[in-house]
Amino acid sequence: MAAVEATVGPARPRRGSRGGAFAILFAPVSLLIVLFLVPMLLMVQVSTLVDPFDPSSGSTLQHFANVLTDPLNRKIAVTTFLIASTAMVLMLAVAIPLASFMVFRAGKWELPLLLALVVADELNPIVRIWAWRMILGRQGIVNWFLQTTRITDAPVEWLIFTPFAVIVVLSAGYLTYTTIPIYAAMKAINPALFEASVDLGAGWWIRTRKILIPLAAPGIFVAMILVYVPMLTDFVSPDLVAGTGSTMLGQRVTQLILEGADWGNGSALTFVLLVATVLLSLLAFRLARLNRIQT
Amino acid sequence: MDGGLAGGEGGLVAEAARPAGARAAVSAPAGVRVRRGVTLGGRALFILAVLAILFGPLLILVVFSFNDSTILSFPWAGFTTRWYRQAFEDPQLRTALLNSIVVSFIVAPLCLVIGTLTAFGLTRFRFRGRGAIAGLVGAPLVLPWLVIGIAALLAYRHQWVDLDLGLNTVVATQVICTFPLVTAIVAAQLFRFDRLQEEAAVDLGCSRLQVLRHVILPHIAPAVAAGAIFALTWSFNNFEISFFTIGFQQTFPIWVYSTVRDSEHLPVVNAISTVISVVQVLLIWAALKLMRARGGATAPGVDTRPARGAA
Amino acid sequence: MNPNGSTAEDRTGEIELERVVKAFGEVTAVDDVSFTIRGGEFFSLLGPSGCGKTTTLRLIAGFEEPTSGRILLQGGDVTRVPPGKRNVNMVFQAYALFPHMTVAENIGFGPKIHKLGKAEVAERTFDILRVVQLEGMEDRRPGQLSGGQQQRVALARALVNHPAALLLDEPLGALDLKLRKEMQLELKALQARTGTTFVYVTQLATPKELYQRPATAFVAGFIGVSNLITLRADRREDGLVVMDLGEGERILAPDPGTGGDVSITVRPEWIKLASGEVGPRASHVSGTIADVVYLGSLTQLLIDLRTGERLSVHRLNDEISAEEPRPGDRIVLHWAAEHSYVIGSGVAPAGPQEKVETT
C-alpha cells in the first residue's frame, strides 16, 4: 500500500463551513475588535478632539499641525531615523555573515548557534539593556579595561548616553530577529548552485555577490520589516542609555502622554507613527514580494 | 578493473564501474573547497564575538551579582550573596515579581485557548473574509507595541470607558498582543497535519470529538505547549504594554526600569535578574525540546506500518 | 583521427585516472581505480547507487580531492587544481540553474567570469542556444521552462565554455521515459557534433549491448539478466566447454580459453523446447516446469533444472497447441552452443531478486 502523501496547503472546506468558522472565531475576533480596533479608533478620536479629555469638545486638526511642525519633533524624528538606520546597517553587517556561516560552514554548530540566538532573545529586554549600561558606563567594564591597561587615562565619555550607546544596544537587542529570517532564506538555497558556480569558475566574491545575496534577498527584506519598525518606536533602549541629544520618537510620545499629560499632541504623534510604520511595512513587504524568485 | 574499454571508440560505451568496498550510501560532504584565506581561527573568532554580544552582558550581570561592592564594576571586591538576600527581602520587588507571575499565569492559558481556537478557525475552514480576519489577527504582531500600548491607555482612561488601570487591564491588552503568536505557532503545525489521518479515524467510527482528542490534539500538543511557554515568557518579560496599562503598580520589568533609573541599590537588580534569567533559559530550552521532539517523530502522513506483501 | 579533430598523439579531451583512491573516513568510495578516457569519447559510468560513480565524476571535476593517486587531464596533472580552473565543466543532477537569472545570464555566467568581452559572450551564447535548440528562450527564467528545456540550458551553460570534457551526473534522471529516450539520442548527437569528451554517469538506460553481452558477472546480476548458469568444466573439445549431466544431458558454451569453470547466460528466447534430435553442438537438458506465465504475445516458462538453476524460457504464442505446458510437467530444453554467452570465469552470481528497469 502506497504511503499516504502529506497534503500541505489550505484546508479543504467542510460542510457548513461558515457556521463552524463563525462559532470558533467569534470570541477571538470580538476580543480583537473590542481590545484592539476600538482602542485604535478611540486614539484617533482623541487626537482630533479640541479637549482630549472631553469627547464632546469638537474636532480639530490642531494637534496634528503642532506635532508635524514642531521643530523639536522634527529633530527627534531625524535622530531616530539615523540611529535606527545605522543600527540596521550594523546588524545586517553581522547577520548576513552570521547566517551564511550557520548555513554553510557551521556543521554541528548550526543548531547550537540557532538555539543561542533564540534563547538570548527570550531573556528580559530591560535586564539586557541594563547590563549594557554596566558595560558602557563611565565606571563600566570597557572603561575599567581601558584604564587598567593604560590605553586611556580618563573614562571615555562617548560610550554611554550618546547615540553610540543607543546604536549598540539596539543592535544587540534586535540581532536575533535580523539573523533568523536571513538564515531561513539562505537555508532554502539549493547548495548545488554554489557548486555549479564554482565549476564555471566563480571565486568567493562572485559567489557571494551574484548567487548568495540575490537569493537571500527576500530574507533580508523580511528581517528589515521585522526589525526596523520596532526600532523606530523603541523607547526603552534610548530611555536607559540615551542622552538628551539622542532622544528618540518613542521617548517623545511617552514624554507627551505620561509626563506632560498632553494627550492631544501625544495621540496625534502616535497616530502619525502608526501611519508611518504601516506604510513602511507595506513598502518593505512589496519589495520582498517583488524580489521573490519563481523557482 | 582492467584498463581500456569494451566497445568501439565514439560509441555508447558501457563499462560497469567496479563496485568499491562501500555499498552503503555514502553522502559525500559538500564539495566546494574551503577558502584558504579565512582560517578556522578567524571564523571561530567571529562566532565568539557574536556569542559575546548575545550573552556577554548577561554574564557580566551574573558576575557582578556576586560582587561585594555597590559599585557595579571591577575591581572585584569579594564574593557575596547578600544582594540575593536583599532581593528576596525587598517588599516592592516581591510585589512586582508576584504581579508578573500572576499576570503571566493568567495570560498564558488565555492565549493558549484563544490562540489555538483561532488557529483552528483559520486553517480548517474556508470562507469569505478569511484573509481579512487573518490580517486582523496578525495585526497586533506587526504594529509597534508603543502604539498599541498608548492606544490601550487612552482607551481605558477615555471618558466613555473610564476603567481604572491595573493588573486586569494589563492582562487584557497582553492577551490581545500575545495570542496571535500562539495562533501562528499552532497554525503552522496544523497546516502540516495530514487531514487524511482524520478522515481515516472518522471512517473507523470516531466521533468528531474523539477525533479531536485522539488524533489532532496529540499531534499539535507539542506546538501548543511550546506556544504556552513562549506566551508565558513573553508576558513575564513584557514591558511596553504593561508600562502603559498598569497604572501605579509594577511588574518585574517595570520594577527593574524604575530602579535603574532612580535608585541606589543596583546590585540587587543584578541578583534578581540572574535568578529570573536562569529560570527563563531553562523554560525556553524545554519549549524548544518539545517543539523538536514532535518535529522529528513522524512526518505527517508517512506510512509507518510494516510493508505488506510484495514490494 | 578522433571525432573532435585530435589525433592519437594529441591528448585533447583525454582524461586519465591513475590509481585513484577516495576514502571518506572509514568508507572507501573509490578503491584504486585506473582508467583512461580517450579524447572525444562518449564514456559512460554505470553502477548501482553507492558504488562510487558519482564520487569518481566529482574527482574528475575537482570537487573531491583523491586520498591518493593522480588525475590527469590532457596529460597534465590536475589533482590539486581547483574545479573552476580545470578545463572541464559539469552538468549537475538537478541542473542547478540559477533561478534568479535568465537563460542568457545563466549561460553567460562562465564566459563573463573568464572576462570575455560582451560581444563575444553574446555571440557564444547565441551559438550554443542554437546548438541545443533553444533559440528565443534567452530571456526566460528557469522556472518558466520545462524539464527538458532546463536540461538543455544546463548543457549549454557548460558547453559554452568550450571545455575539453563534459561531465554529466545522471542528467536524465528527472525526465519521463519518453523524454529520456529522446534526450539520450540528442546527447549522443551533441557529443558527436562538438567532439567534446562526454563522461556520463547513470544508473539507468542500459543499452542493448550491455544486456546482451554484460561485461562481467556483476554487471549481469545488476541489470537483471536471467538464466545465469555455472558451467562446471568437465571436458573441453572442439572449442567448447562441456558440463555433463548424465543421461546424455549436457550444457555447452564456447571455450573462452581461460581454463576452469565458466559462468554463462542464455537468452530466454533462444532456449527451445526439444521435440526430436538435438545436434552435438547444442546444450541439452531436462527439467520440471515450475511456473507458466502468460504474457500476451509470449508465454514465459520457469523451469527448474536438475542442477538447481531456474531457467526462464520464452515461447511465442503463435500456435495454439493441443498440449499447453503445465507446472509439474517434465520438459526437455536445448539451445545452440553459441547462444551460451560466457560472462566470466567462476561462479555465476545469484539471479536478481527484482528486475532493474531497462530503458
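First chain written, first letter: the chains are A, B and C, and each begins at residue 1.
Simple rule for what comes next: a contact is a pair of C-beta atoms (placed from the backbone, for glycine too) under 8 Å apart; a residue touches a chain by one contact, two chains touch by 3 or more.
Since the structure is predicted, the reported quantities are computational estimates derived from the model, not experimental observations.
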item	value
Top chain pair, ranked by how many C-beta pairs fall in contact	A-B
Chain located farthest away, centre of chain B as origin (C-alpha)	C
Central subunit by CA centre of mass proxy	B
Approximate Å spacing (C-alpha centroids) for the pair chain A, chain B	17
Distance from the mean Cα position of chain C to that of chain A, given in whole angstrom	57
Chain centre separation (chain B, chain C; CA means) in Å	52
Junction residues of chain A, two or more chains touched	195, 198
Chain C residues counted as touching two or more neighbouring chains	63, 82-83
Residue list for chain B, restricted to those that touch at least two other chains	31-33
Touching residues (chain side chain A, partner chain C) in the complex	190, 192-193, 195-203, 206, 210-211, 214-215, 293-295
Residue ranges of chain B in contact with chain A within the complex	30-33, 35, 37, 43, 46-47, 50-51, 53-58, 60-61, 64, 71-75, 114, 117-118, 120-127, 130, 133, 136-137, 139-140, 142-148, 150-156, 158-161, 172-173, 175-176, 179, 191-192, 194-197, 230, 233, 236-237, 239-240, 244, 252-253, 256-257, 260-261, 269, 273, 276-277, 280-281, 284-285, 288, 299-303, 308
Chain A contact footprint on chain C (complex, rising order)	61, 63, 82-85, 89-90, 92-94, 96-100, 109-110, 113-114, 141-144, 157-158, 161
In the complex, chain A residues that touch chain B	1-8, 10-14, 17-18, 20-21, 24-25, 27-29, 31-32, 35-40, 42-43, 46, 53-55, 94, 97-98, 101, 104-105, 109, 113, 115-120, 122-128, 130-135, 137, 139-141, 143-144, 148, 171-172, 175-176, 191, 194-195, 198, 204, 229-230, 232-236, 239-240, 250, 253-254, 257-258, 263, 266-267, 270, 273-274, 277-278, 281
